[in-house]
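Chain IDs A, B and C follow the sequence of writing; residue 1 opens each chain.
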Amino acid sequence: MNLKQWLTSDLHAERATGKYSFAFLDEGTKREIRRKILKAIAIPGYQVPFGSRELPIARGWGTGGLQITLTIIGPRDILKVIDQGSDDSVNAVNISTFVTRVTGVTLTTDTTEASIIQTRHRIPEEPMNEDQVLVLQVPIPEALRTVEPSEEETRRMHAEADYSALWLYLYEDIIRYREISIGARYPVTVNHRYIMDPSPIPRWDIPKLHRAKNLFLFCAGREKRIYAIPPHTDVRPLEFQDYPFRVEDFKGAVCCRCGSTATYLDEIIEDETGARIYLCSDTAYCAKTAEEQRA
Amino acid sequence: MKPLLRVKNLTKKYGEGCPACTAGLPGEQESNICQTCGTVFACSGVSFDLLAGEVLGIVGESGSGKSTLIKLLNFDLPQSQGELYLSCKGGPQSASHPAVPVNGDNLFTLSAYQKRQLKNFLWGIVYQSPHLGLKMNVSAGGNIAERLLMAGWRNVGKIRERASVLLAKTEIPVSRMDEPPKNFSGGMQQRVQIARALSNEPVLLLLDEVTTGLDVSVQACVLDLIRKLHRELGISMLVVSHDLSVIRLLTTRTLVMRHGRVVESGLTDQVLEDPQHPYTQLLVSSAL
Amino acid sequence: MLKLENVSKSFIVHTLGGKVIHGFEEVSLNAGPGELLGLAGPSGSGKSSILKCIYRTYLATAGSIYYESEEFGPVDLVRASEHLIVRLRLREIGYVTQFLKVPPRVPAVDIVAEPLLWRGISGEAARKQACALLDRLHIPQVLFDAHPATFSGGEQQRINVARAVIANPRVLLLDEPTASLDQESVSRIVEILGDLKKEGCTMIGIFHDRNLMTSIADRMYEISPITAPA
């Protein structure tokens, strides 16, 4: 029986055969990671340690996100993989090729069609619904690492909700620069309890975490942590009453392909002319918008 | 009158202990080590009361256990035995805070979270070395702000206003609020510590050898400030010092410690002028 | 108001191997409101020690010292708790010591004003009263903001007296309050003591000048190695 036949046969979908089990990971691994995911969902924003497995991709290249995707994916899922908003980048293509090879699932670039989206450092512009899961790749899962190098100490700080060191860091930023200077990895409070690192997404994407309809799963493969934001969860960026959180200001820049002023833009310097142009970071959405405008 | 702070049988030992020393070391033993098992009793059976508005001195030489005592009271070290009770309504800051338990519980049995809330709202500590009590690379205002942030203050303007008030109270020029304490002189660093300790309007101040090592004129300034704060705020204080003149100046009652035990306690002038215990007599007669 | 019954004081000096030094033995005396009791006796007979026992600077070895406190009713100062004594010292019992002991850096006027601040009187009003009293005791105004360590013995002694009397204590213990003073200052102090007497203050005092003491004291108590009740 070839792989395609095997995959279309529902009764044997999960059974190991040949050299690889479905989705590459063995069943024991999937069980552990699923349990850890459930625990993470039960304690929003809390980092759950897990046994991070060896994969054919090196650490630091998305092994965390990959393990989550491989654990939760089923034969009928539709997958989208993006890196900095783009489906076409080398890393995104690398990962999506691998996943489709070991699962046979359909790949898409359309956010609204995908059931699982694995992403590095961006949240898609189009809001997701309760049937979708966003899997984020995380380099450093610890929000307090900037102010405390010791793991033992940061665990204690989370356990006791002792976050004054981080707030102090923000206060010092304000007196030095008159605003909080954190760009990416902006700390948020999840469900009024844990302070969480949302991975290096830009400030622009932070509001998308608050009371979303979809599930967010975060995973750091090298650091071996899983954490989650369940749907409809309260997620607020750390801010002061007189210095509120604000997103990036593109100062009227426009996407040169679709004309958008309401998306997160990448600034690109053209090779030949040296001119500065702006392009939507979410390339698939940009193409879709441009297409619709042409029609 | 119910005391503000009641300490009962506080003991800190380093070592396994043995049947000979479970109930503490025998009365007049000349050291703080158990002869049978070698366990060291840094503090042994210390009990005392502190009344609201009182300044209690703890005097002793090196190794007497006085610094250990302060560390135990501030939850910096875990105790081996003992009970700690606080009776007060808490300052205005803590009035609405749900996690500040007083009146009845042995404070040593509280969770780490509760202990931290207690420390933040109800008392402040000033250490001998400013490096222990301050973050040297954070601004002076930031050091004060840290305790306010822990108490839930989330308005930078109001935080800075409170910090200015405290700096003015401790005679530090407000223009230096944003400078890190590592640029300050020793006396000024101590005053930043005092300002920080006062940030949440505590009912108790723990002062551990705060003027030791300072120049004489600076010492006079800090002592003066402490006396002024006591009079203006009515705040209770625990003053640890090996310097009898500091004790005489600041305190109304004194405990004399030796080998981890309290050997004598009484009104400060009585302890210094009519000492009863042989060790106290030795101490007083040795002072310059 | 104040009654001593068979009070004795002796010192066990451990640094001298436990030697016992006797302060005084079996002293019984009393003093009432508006009365000044003089303590007389040769040097070393224990006069200062008696005052110190009343003030609790010394712990009496035997006997009782009864006092009619305004706040607490009848108390035995020998057995009273330390907290009670602290309160009494702050509110009711004043003590003029032989030597002035003051904190560094504090100006004379603030030293004298301090007991009033403890009674809840505001800073400005307290300072005003202190200035008035210092004036009455003929301390030159230029010295008000100076620190007493720099004063002459006589000036220091007047600060001492001022500090003890400013808050109108119910009991005043005086240990050689006029020792270093000239006649002029002595008469001012006597005047002040007279005012306190009229207010009903109970006073027990030691004066080095026997004549002065007999002139202002209502009664005398003689102390000698063999003591007799007054």
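Here is the rule we go by: contacts are C-beta pairs under 8 Å (C-beta built on N, C-alpha and C of every residue); 3 or more make two chains touch, one makes a residue touch a chain.
Remember, it's a predicted structure, so these values are computed and weren't measured experimentally.
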item	value
Category of the chain touch graph - line, ring, star, complete, other	line
Relative to chain C, chain with the most remote C-alpha centre	A
Inter-centroid spacing, chain C versus chain B (mean Cα positions, whole Å)	33
Whole-Å gap between the CA centroids of chain A and chain B	48
Distance from chain C to chain A - Cα centre to Cα centre, in angstrom	79
Where chain B touches two or more other chains at once, by residue number	none
Parts of chain B lying in touch with chain A, wherever the complex brings them together	112-113, 116, 135, 138-139, 141-142, 145-147, 149-150, 154-157, 159-160, 178
Chain C contact footprint on chain B (complex, rising order)	1, 51, 54, 220-221, 223-224, 227, 231, 248-249, 252-253, 266-267, 269-270, 273-274, 276-278, 281-282, 285
Touching residues on chain C, where the partner in the complex is chain B	11-15, 52, 56-59, 82-83, 85-86, 101, 103-106, 114, 117-118
Of chain A, residues touching chain B in the complex	156, 159-162, 164-165, 167-168, 171-172, 174-175, 239-243
